[in-house]
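Some structures are shown below for you to check.
Each of the next two complexes has chain A plus one other chain: chain B in the first, chain C in the second.
Presenting the complex of A and B:
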C-alpha cells in the first residue's frame, strides 16, 4: 500500500509538471495574431527590421505612477504603463498615426454611419491565460466607461452630439456592435480606450455587484496592488514597482503580436522605467548609459551632441515638426477667493497676461530656437489645425490668434480694469487696496516649465503685477488642476493628437478636465463655452471633412480668443537613443520608445 | 585596423615601442600592452580610456584603486580610474553609494588623484539635485580639491542650461575666459563646445585653432570638445601619426582631442 502511494505520488508529480509548463504562452501563433511587417517592402514598417528576442531596455521618468487603473487615470504618469498593459479595439499606427485594427481585427459601418460592428480577434488570451471575448469589451464600455459610478475622462469623449452615449452590445463571443443614436465621426478614436478584463474586475463594480460600494472600482488597482493581480493583453505587464526607483515590466507571454518571421513579440524580456528626481538627472543617467532611450529637451542637445558618435547614440532633431500637445497657463476661475475669481473671469485681465508672454525669449532661452509659438488647442500636426486654411492643407497661420508680447498693452489693460499700485509699493492692487499676488505653479523638476514660469513672473514684474512661482510635486499639481485643491494659476501641458475631439474632456463645458471653469458644468456657463459645446457636437456629427475643418477652425479661434488656456510654445521634435537599441529610429511625435502610449514597445529590441 | 607601431621620436632618441597587431578589434590584452608600453603619453592614455570598460567588468574595486593610484603609466592609471567611475556610477544608480561616500573620496587630498578623478562623473548624478547657486559655491570652494570643484562646476552648467543669463554662446565665451574659479571656466568651455556643435557650427580648422590657440584653458577645452567628434572617423594610423606630429604643441587640450578620438577607435 505504501509502495502504491509512493508510485501514485510520483506519477502525480510527473503529470503536474507539463501542465505548469504549458500554462505560459500560446502553444502556437493564434490565427488572428497581429503581424507587424517589420522590414517588409511596401508597408509602413519597411524602414524597420525584424529583431531578436531577449534583453531589457531602460528608460526614465520623473514621476511615479499614481495607480494602475487605466479607466480612472487622468495623468500620463499612470497611462504610460496602462497604455502598454491594456490596448483597445483599435490603436494608432506609430508611423502614420492612422487607426489600425488591434483587439478588433476589422469593422464595418452601417445604418447611416450610426452602427459599427467590430469583429474581434479570436483565440487571444489575457496575461493570466483567460480567453478574451466580447464580454470583456461590453464590460469595459457599458460597465466601466459609461458607468456613472466610475470616475473616468473617457466618458466625456464617448458622449454623442445629442447628449446620449453609444451602446456597446454583444452579438456573439467575438462580435460587438457599437450603436450610436447619431452618426459620430470620432467614434473610432474612442475605440482606442483600454479594454479591461471582466473576469478580474467585475467583482468591484457596484452596478454588477450591489454588495460593493458605489465607488469601489475607483479605488481598485492602486499602487499597493500585488502586480500579479494586474491583467492585460498588452506587450508587457508590471512585474514590480518600487516608489522613487523603478517600474519593471515583463513580457506578456500571451501577447498576440508577431513579426513577419513568426517571432512572438515583444522582443524584449523586460522594459524598465527608472524614476529619477528631475530631468537633469534623467539627462545624466542617459549620458551614463543607464537609460537607453530618452526624450531630451533642446537645451540638452549641446550636452549630447559632442558625444553622439563616441557613445554611439543618435540625436534626432526636427525643427519643422513640433510635437503633439499643448502648453499653457491656466487661471482658476473657480478659486475660493472671490476677488481673484472675478479677476480671472475678466477677459481683459487674461488678455493682459497673454501680452506678457515673451514667447520668443522662451523659444530662444528654453529651447535654443527649437520650438514654435502656440496659439491653438489643436496640435500643429493635426489636419484640422486652424493654422491651415483647409483640411490637411499647408500651414499659413492666416487665422492665428496672436497676442504679441507687448508690455505697454498689458499695462494699459491692467490699468483699464482698475488694477493699480494704490500704496506705492511697486505692485498693483485691487481697487480696495488689497495686494494682487498670483502664485504660478508647475511641476518641480521640469526645468523647462520652471524656466517658463520664471520668465512670465519676470515680465509680470515689469508691469508691476506680482506673480510668484512655486514648483510642486506633479501628482499634487494634478490634484489642483482637477479642482481637488485650490490654486490660482498653473503652468502645464496636455497631450494631444490628430483628432480634436479627443480634447472634448477639456474644452467642453462639462468636461472632466475643463480645468479653468469646472462650475460651467453646473450651469455657470459662458456664451463662448456654449458655442464651443455646439461646435464640438457639430464637428463630431459631420463626415464631410471640409465642413468639419470649418467647425474646428471657429472652435480654435474662439477658444484662443477667450483664453481659458493661455497657450505658450510648442517644442520641436527631438529624441535620442543609443544605437544598440534596434528600431528606435521609429521615434516621432506619434510615438517613441520612452513615450506614454507604448506603441513602439513590441518591436524595439536590443542589438547588444 | 592595427598596424605596426614603429615610430621615430626625432630629438627624443628614446627606445621605441613596437607593437604589431593583426587588423581586427583591439582586445583587452592588446590595449593593456599599449597602455603599459607605449611611450607617447596620449596614445598610452587613449588605450587606457578604451580599456576601462573591460576593467570595470573584470577587476575588483580594491585592485582598481591601487592601480589608479600606483599604476606605472598614465594609461594604466586612466584605465583603472575609468573603471572605477563606471562601477561607482552603477552603485549610485543602485543606491548603494551615496553622495557622502563619493565626497569622502573626491574631496580628500590624501586620496590619489586618479581615484578622485573617478568620482567626478558618478557624483554629478547626485550633485545635480542641488540648486545651481549651491553648486557654484561648491565650484569655488578653495578648501576643496580640484576634482570636487570640477564636479560641482560641471553639474552647475548642466543645472543652469535653461538659464540664458548663464548659458548662451556670448555668456559662455566670456565665462570660459573669466570665471570665479578655473573649474567653472573649464566647465563653461565644455558647455560652449557643445553649443558650437549644436547651434553655431564652425569648421574643423576653426575648432583646431581654438583648441590650439584659445586664450584660456576654457576656450581651448571648447575647441577640444567641438573638434573631437569630427576626428572620430579618422583611422588609428592617422591619429597616432598626428599625435606624434603634435608632441611639441603646447596645448594639452588639442592633443586630448586626438587622444579621445584614438580611444574611440581603439574601443571599436
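Presenting the complex of A and C:
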C-alpha cells in the first residue's frame, strides 16, 4: 500500500511537470504551430540562425502610444504595439513581403473568386489561456470592423468596388468563409487586420449587448486600462507603460511560433520600447548602448559608420530595399488660372519638368547617397513592381519608364510648346507674353523636401523656367492638396504598400486623393485615366497573379508616362544594431521595410 | 487679508473665462484640425473622415463647439475628451505621474538654483567690482544667453561621446536607467534618479541663475549702503554678523515675492529642456497635443497654466505683505 502511494505520488509529480512548466511561462506546442525555419537552407529564413532564449532587447521610439485598442487605432505610435499583440489571419512575410498564413493555416478561393475559405490553426490559445476559434474571427470582422458604431479606418480597406462589404461566416470552429459580392483579390491584403478576443470584448459591443452605449467599444482599452486586461495571441503582450519613458512588453507564453529546433518563440523574455522625444537624443542613447537597435536618419550614418568596429555594431544600408511609399511633385490641373491649367495639362510640359529633376544630386546632397530614384506609383519592393521581369521576379528595371536628368531635352520641350522668353527678362513667358511663374510648395520644417524643392527650382532656372519655392504649414499644404485651396505645384509623399490596389484612392479618377485632377471625378476624364480605372478593376478582380502582374505593369507604365505625379526619390533601408543582438540583420524590430507587422521581433535574440 | 484673498480668487473666474475664449479662438485660427493629417493617408476615404469629424463634433462651427465645451464644464465638471486617447483631458495631461514629476523636477531645480544663486549673489555684492564679481556675472549671463536645447544636447553629447558613461552602465536623459524604470524604489534607484536629474538642474537652473544672482547682488548692495549698516559697523560688530545678520536678512525680502512669481514656471517654462532631457512633464504632453491639434487637451493645458500664473501672482502678493509689514491690502 505504501509503495502504491509512493508510485502514485511519483506519477502525480511527473504529471504535474507540464503544469509547472506552463506556470513558468512555456506552453506545449499546438498542433498547428507556425515553424519558422531559421537557418534552414532553401527557405526565406536561411540567412538567419536559431537563437537562445532569454534577455531583453531595447529599442526607441519618438511618441507615446495613444491607446491599446487595435481597431480604433490609426497611428503607428499605437499600432507598433497592437500589431505585436494581435496578429491577423494572414501576415506579410518580413523578408519577402509576400503573404504568409498566420492565424489561418491555409485558404482557398472558390465560387468565381467571390468566396475565400480560411482554415484556422487548431490548438491556439489567447494570452489568457482561452482557446482561439472561428468565433473570434467572425466577431472581429462582423461586430467590430464592419460595425457602424465602431470608429475604425479598417472598414475602408474592406469595402468592395461595388460599395458592399464582405460577409464573414463561421463554417465550423476552425473554418471561416469570407463572402464577397464581387471578386476582389485585394481583400486578402485586408485579412492582415488584427483579430481580437471575443470573450473579452463582446460585452462592450452595443450591437451584441444593447445595454452598453453605442460608443462603448471606442472607449475601451485606453491607456488607463490595466495591461493585465489586454489579451492577444502575438509574440509579446504589454506588461507596463510609463508615459514619456517606456513601454515594456513581455513574452506571451501561449505564442504559437516555434523555431526549426522546436524552441518556442519569441526568444526574448522582454521587448522594451523607450520613448525618447528627440531623434538626436535617440541617436545619443544608441551610441551610449542604452538601445540595441536603431533606425538612423541619413545624416546619422556618417556618425555611426566610424564607430562600427570600436562599438561592435553594424550599420546596414540596403538600396535594394527602399521603403514603401512615394515622393513626388504634383501639378494642379484644376488650378483657377486657365493658362496654367492648360500648361499643366500639356504632357510635354510635364515631361520637360521630369527631365529637370536631378535625382542624383538630391540623393547625394539630401540623403547622403542613401536613396534611390523612383519612377513608378508601385513600390520597388512590391512583387508587382513594373521593373520586375515577372510577378515577384528579379528587378531589372527593363519596363520602368525613366526621365533622365537632361537640361537640353527639357529646354527643347519647353521651346516646342511655345514657352519662350518674349520680353527679354531672362525668364520664359507664355505665348501671349505673360511671364510663367510656378510656386512649388512643401511643408515647412521637412528639410529634405525643402532641399529637393530648391534643387528643382535651381535646375529650372538653368533652362530659364521660373520656379519659386514657398514652404508652408503642413495643414495648409494638405488643404491645397485636397483641392480646398488653389495652388500650382506641391512636393509631398504618400505611404504605400505591397498591394498596388492600396493606391486606388489616389490613382483612380474618382479617388479622394486623385490630387492632380479632381475634376476627373465629375466627367473631365482623360483616356489614360479611363484605362487606369479599367486596369485597377481588372487587377482587383483577377486572382491569377501572373495576369495581375501584366495589368499592373501596364498601369504603372501609363501612369509613369502620363506624369500625374512626377516621382522623385525614395530613401533606402538603413538600419543599425549592436552585434550582441542575433537575427537583427534582416528583420529589425522597429524598422522593417515591409512595415511594422509585429512578426519581426519574435526571432530576435540576445547572444550570450 | 482674508477678504483680499477671497476677492482675488473670485476675480480669477472671469479672467479664466476670457483666457479660455481667446485660447479657443487661437486654436481655431490654426489651419486644419485633428483630422487633417489623416487626409493624406491613401487608405482612408473622405467619407470616413467626414464621419469622424461628426463624431468629434469638428463639423460644428467654433462658437457652438465652445458653448458645448463650456456647458460641459459648468454642468458636469467635464473639461472634454482627448481626440487621440479618448480619455478626459486632464488624464491625458497628467497620466503616469506627469504632474508629480513636473513638480519634483521643478521644485528641486528651483531649490538648487536658489541654494547656489543666493550665496553667489551675496559674494558678488560683498566683492563689488572685483575680478571675482565680474567673473561670476559673466558666467551668470553666459548661462542666461545659452539656448537651453543646445546646452542640453551638448551636455548629453559630452556624457556619451567624451566621458563614455555608457561603459560604466549609466544612461542619459529620462528619469532612470532602463533597469530602474519599472523597479520598486530603493537606495540604488534614488541614486540613479540623482544621476539623471542633475543635467536638468544644470540646464534649467542656469537659465534662472543669472537673474537671481543679479537681484540678490543689487538688493544687498542697496541694503549695505543704508545707515543702520554703518551703525552696526560703527558699534564694532564683526563683518560676518553685519552682513549675514543685519544686511542679508533685509536684502532677501524682495526676493521672496519672486518665489511666488516663479510658481507658474514650475509647470511651464522648461519645455525644451524637458524634451531634450526626456523628462515626463505636463508641458511635453501639452506640446504633443499641440502638434496633434487635440483641441480640448490644448484648452485644458492652457487653463491649467493660466490658473498657475494667477495663483502665482496671488502668492507673490501675499508673501510680499507677509515679509514686509509696510505693505497692507485694505
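FYI, the second predicted complex is superposed on the first by the 338 of 608 C-alpha atoms of A that agree within 3 Å, B and C clash if a C-alpha of one lies under 4 Å from a C-alpha of the other, contacts with A are read in each partner's own complex, and residues count from 1 in each chain.
Assume contacts are C-beta pairs under 8 Å (C-beta built on N, C-alpha and C of every residue); 3 or more make two chains touch, one makes a residue touch a chain.
Everything numeric here is computed off the predicted structure, so don't read it as measured data.
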Chain B versus chain C as contact partner of A:243, first or second or both or neither: second
Touched partner set for A:299, first chain B, second chain C, both or neither: first
Which of chain B and chain C A:369 touches, first, second, both or neither: first
Chain B versus chain C as contact partner of A:420, first or second or both or neither: neither
Partner chain in contact with A:290 - chain B first, chain C second, else both or neither: both
Partner with the higher number of touched chain A residues, chain C or chain B: C
Partner chain in contact with A:63 - chain B first, chain C second, else both or neither: second
Partner chain(s) touched by A:503 [first = chain B, second = chain C, both, neither]: second
Chain B versus chain C as contact partner of A:447, first or second or both or neither: first
Touching partner for A:309 - first (chain B), second (chain C), both, neither: first
Interface residues of chain A shared between complexes with chain B and chain C: 245, 274, 277-278, 280-281, 284-285, 288, 290
Residues on chain C engaged by chain A in the complex (per definition of touch): 30-33, 36-46, 48, 51-52, 55, 84-87, 91, 95-96, 98, 153, 156-157, 159-161, 165-167, 171-178, 181-182, 275-276, 278-281, 284-285, 288, 293
Contact set on chain A toward chain C in their complex: 58, 63-64, 66-67, 72, 74, 151, 153, 155-157, 159, 218-219, 222-224, 240-246, 248, 272, 274-278, 280-281, 284-285, 287-290, 473-476, 478-479, 481-482, 492, 494-496, 502-503, 505-506, 512-513
Complex contact set, residues of chain B against chain A: 89, 93, 95, 121, 124-125, 128-129, 158-159, 161-164, 167-168, 191, 193-195, 197-199, 225-226, 228-229, 232-233, 260, 264
Touching residues (chain side chain A, partner chain B) in the complex: 245, 274, 277-278, 280-281, 283-285, 288, 290, 299-310, 361, 364-366, 368-369, 447-448, 450-451
